[in-house]
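To start, I am sharing the structure in question, which I have written as structure tokens.
Letters A, B, C and D mark the chains in the order given here, with residues in each chain numbered from 1 onward.
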Amino acid sequence: SENLEIVVKAFSSSFVIPDFRNFCQLIDEIYTECKANTEGSVAHYIPQLARSNPEHWGVSLCTVDGQRHSLGDVNVPFTLQSCSKPLNYALALGMTGTDRIHKFVGMEPSGRYFNELVLDYNNKPHNPMINAGAIMTAALIKPTLSAADRFDYVFSLYKRLVAGEYLGFNNAVFLSERECADRNFALAYFMRENKCFPEGTRLHETLDFYFQLCSLEITAESGALIAATLANGGINPLTGDPVLTVEAVRNTLTLMHSCGMYNYSGQFAFKVGLPSKSGVSGCVLVVVPNTMGICLWSPPLDSNGNSCRSVQFCMELVSRFKFHNFDNLRGYISTKTDP
Amino acid sequence: SENLEIVVKAFSSSFVIPDFRNFCQLIDEIYTECKANTEGSVAHYIPQLARSNPEHWGVSLCTVDGQRHSLGDVNVPFTLQSCSKPLNYALALGMTGTDRIHKFVGMEPSGRYFNELVLDYNNKPHNPMINAGAIMTAALIKPTLSAADRFDYVFSLYKRLVAGEYLGFNNAVFLSERECADRNFALAYFMRENKCFPEGTRLHETLDFYFQLCSLEITAESGALIAATLANGGINPLTGDPVLTVEAVRNTLTLMHSCGMYNYSGQFAFKVGLPSKSGVSGCVLVVVPNTMGICLWSPPLDSNGNSCRSVQFCMELVSRFKFHNFDNLRGYISTKTDP
Amino acid sequence: SENLEIVVKAFSSSFVIPDFRNFCQLIDEIYTECKANTEGSVAHYIPQLARSNPEHWGVSLCTVDGQRHSLGDVNVPFTLQSCSKPLNYALALGMTGTDRIHKFVGMEPSGRYFNELVLDYNNKPHNPMINAGAIMTAALIKPTLSAADRFDYVFSLYKRLVAGEYLGFNNAVFLSERECADRNFALAYFMRENKCFPEGTRLHETLDFYFQLCSLEITAESGALIAATLANGGINPLTGDPVLTVEAVRNTLTLMHSCGMYNYSGQFAFKVGLPSKSGVSGCVLVVVPNTMGICLWSPPLDSNGNSCRSVQFCMELVSRFKFHNFDNLRGYISTKTDP
Amino acid sequence: SENLEIVVKAFSSSFVIPDFRNFCQLIDEIYTECKANTEGSVAHYIPQLARSNPEHWGVSLCTVDGQRHSLGDVNVPFTLQSCSKPLNYALALGMTGTDRIHKFVGMEPSGRYFNELVLDYNNKPHNPMINAGAIMTAALIKPTLSAADRFDYVFSLYKRLVAGEYLGFNNAVFLSERECADRNFALAYFMRENKCFPEGTRLHETLDFYFQLCSLEITAESGALIAATLANGGINPLTGDPVLTVEAVRNTLTLMHSCGMYNYSGQFAFKVGLPSKSGVSGCVLVVVPNTMGICLWSPPLDSNGNSCRSVQFCMELVSRFKFHNFDNLRGYISTKTDP
């Protein structure tokens, strides 16, 4: 029944990307081009990531009207890592509202490294996309529930984001993350010292929760559904399920746009101009608002911590299609396609 | 003849804001609401600004198809100050290209104060919207011309941005700026020490040029034409003159979006989501891409250096109209109007 | 038998301060002067310190040949707090040698707050007098012993420093310190992340040990013996017991001289010029090399965290006696006494 | 007649170093040892210094009772550079008093690089030994005199420090210094912006004056007389001329002790423990209070900017003689000589 809407649209030729077949051919070309890129090296701060296969390269996309296309290693599970940050933020916004969340975390790019030991001018973490802000976001999600219920609750929301498709939990990664998390412990203690947390926050439990959220597993294919849900204003395009509020999505896209690609965020906003979030597992969630969500995955990272092939893919994408935030400017007579 | 296009459109009912009369009534309401706001105080670092009249409040807008609406003190000249930064950047891009400009200045929000003595990880000023980056941008504009020719050249480009309407030069402000510019001198020497400038840059002449560009005068009415030219992809909507390249406009809007409102930029992107730039004279240039340019002017500033009435105006604007960058998300069933 | 040396010296008139009676009268005058000082407020970051009596004011001194003089509240126990830092450093030097210790901790004044989250240019804590360096020093003391044996071992060394006089342990303070130690936990995790610690360091155990050393109790009277042992090159002047090596003392005095009084260290070295160390309990250990040790104690602290009465006492002391490091300059024709 | 005092002392065997001949033999040994050291490279930021001969190595000393000993290139002129900082500070103290000077400059080690763009917690330059503080000190010397009279005045004071022996001015170095002084201009403008300077300070004239003082020339032999004057409490040991007040000397030695050797100052205080000041010309002035002054000169510098041979010389010196600030501790049974 969830496919009914698609069928109807197909017949009425009203798909957001009318010539989907041709569009996919161009995507395939970009995929192949990027496959040749052997730059970067896999994250090595925990053994589980260090063992990643640098050959892996998967691309999956899903339009807001549910058309899908996948290439390469799109069914291999990997952990979300920092890609969970915008999602937790969006979920937290839905639970407690923008004002409450931003009483505890800012909305400014930090201009610093993602894990810097620094707070903003109001003594808050700069934004939910850096570690300090993401730990804070985790602290704000159902803090009164037991650890188990808390995890269950968020897992079920993520499950709706992926439309019931693949979602896992990698316990070995979780244990490793916790073991190697000196900086995150330092950040958490630093924030507690500065009275950043809401009263009653249990520090170690919050950090555990945060590491668990980083250790959730998706595939490129299920990840594309997450990105597509964001592109579609919070409504899962396959199920029609309104998982996220539209206000939560608006806020999340704004911050992904300005802070989603670590220290490369400014340049990425400039050159690509699409709300995106990358993680050290080599994943990048890319949102083309009102059009489609894309999940890119390839473990080798550049010096900023972004997947090399994925960044290249995004560059190629906006060089061919009018996807950049300010690409549809009047008078933009270009060779770019509007798919 | 420049109005011919408008007439034609009017007849064909194809204006970007079809019911312009009704739209203007709502703008008038917001104007009146903000007029009551008596917060903030005028800039006082130079006597010429300290003497500004805090009562002044002007709003002027121009759509990409040339419809105009103005309220209040829209014919009083004021200096551009930091509002000249995105314009100089856009002009420089047109002259020498994105790559050359960004060899010397970055594209990342700095996370610091606009005049901080700091360079980015590549030893460049963070972006063209902070003082260091704006001085650098000035250095890149026609560096081989004589001081007089250089000024003339840029003045003539600005004149095209305002479609021949009001553009002046306030020499008293220029002299005061130069007198009180210890931080800018410190920035310039700091950059020269770090070999940031292109070879052959004359430091004091560059600073003079920079102060002169800050001392250019517009009115709210002529300023709206500048903003409208940006909204229209670089083509002046009154004259059809392609003053800026569309690539220059895209880059400029991206940076105005992320870095245009001093330390409030992140919050402004989040809450308003429109590319804007403010200056200490109390001016804010606001761009609604493909729709209209707005020039707001009111001297009293908040602690971030942004005009109090103007920021309030922007907030009200996006609360009534679908102008936020991510406002047109599918599923966004709101009470907001799409004018 | 430990007093035999004193008797002998007394008969031979060779005491380091020949006219001790007169000297003590001048000390009494300074004591009374400072008693009137009611500036400052007691430390309040843990309840146990916040309950300190601001009236308490004790001064005790002991010369290198064992003459003693005490005034005021010299038998009230208080915790050592940061005054334990130079002692642990001196003990650690004796156990493992200068080179080994300084492989892990620097010897530079930091120019920052005592608890700043920052490492020096070699990725080491700046020096053993700031928190990061003191935690590191604790980590280097008998790391292979059990927690109990480790504490016992250091306690017995401290007991020799006080010549068997009062030394206690305040368990309530220890528990409070640990409870309120967010910054110290942040520092420790930050250092572990930077691989500052020797391999095998157990973080929480090290912090516990550090808090325990801060929670050792002395009285002004027993504290004077510690300072006197430093003044006497490491040999306890009452017992003749060589508790510290002379090299350890030399190093310790050098760092107390440059880094002992928190952010006031430079000014203190300039104005007082005596190796000293203060703690938030209101204690200051002052060393007049080759002459005497002084323990000052008064809980109210100034904005730098130094006991107000104690700093005043030191100022008065060097204004009357030739005790400043560079006071004995040739040609120094002054009204100052050489006791 | 200035030698009369020496003759008298010689006959009375009361020289501060009784067996001067033997002492000099040991000095010669150290000199020869250090001559073999070919580490480091000459300063290259201005051509005049870059052309220095790395072979040059001169040592000259003068005791407080006027005994002298010189080895190597002791008659080759070189510029004082940063070695002028403590001297200008001492002279300024004599002219205007400690309180006035320290209203404008601090007395804390900065923990930063000598030319860092940073002020202390009171918005003053940290101390007179770093560039910002030295520029400030220059500003405080006879600010109402004409440029020529100001230079003349200080030149005549320096001339008394060298007992009429060699003192020159290297105009080529001055012009080069001024040419390459971007950081110093940045520092000066930054301080002026922060209203650090006394009212009426003329910025460019002050900088010129500062560069001129850096460009004064001495030889190792005349430099030894400067150091000896400091060792002797401000009285030139050859002429008996009280050039500096004893209070000025005390303050100067305190700051040379804590801040004289750039970023190596803390380690130098720890390992050598003698008030010293180095300059990029390869000069180090070393003061053994009440005993002697030493001038060391050898152009090759280590990464901290200190002359390699000179630092080695100091290390050797304190390993053989009881010259370290805390070397005369009771109980120090060592193999070290007390000359």
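To be clear about the criterion, a residue touches a chain if its C-beta (ideal position, glycine included) is under 8 Å from a C-beta of that chain, and two chains touch if they have at least 3 such contacts.
Since we're looking at a predicted model, the values are computed, not measured.
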Any chain that touches chain D and chain C: none
Centroid comparison with chain C (C-alpha atoms), farthest chain: B
Centroid distance [mean C-alpha coordinates] between chain D and chain A, Å: 59
Between chain A and chain B, centroid-to-centroid distance (C-alpha), Å: 32
For chain B paired with chain D, centre-to-centre distance based on mean C-alpha positions, whole Å: 53
Two or more partner chains touched - positions in chain B: none
Chains that touch, pairwise: A-B, A-C, B-D, C-D
Residues on chain A engaged by chain C in the complex (per definition of touch): 117, 182-183, 185-187, 189-190, 192-193
Contact set on chain B toward chain A in their complex: 64, 106-112, 121, 126-127, 232-235, 242, 246, 249-251, 253-255, 257-258, 263, 265-267, 269-270, 273, 275, 289-290, 324-334
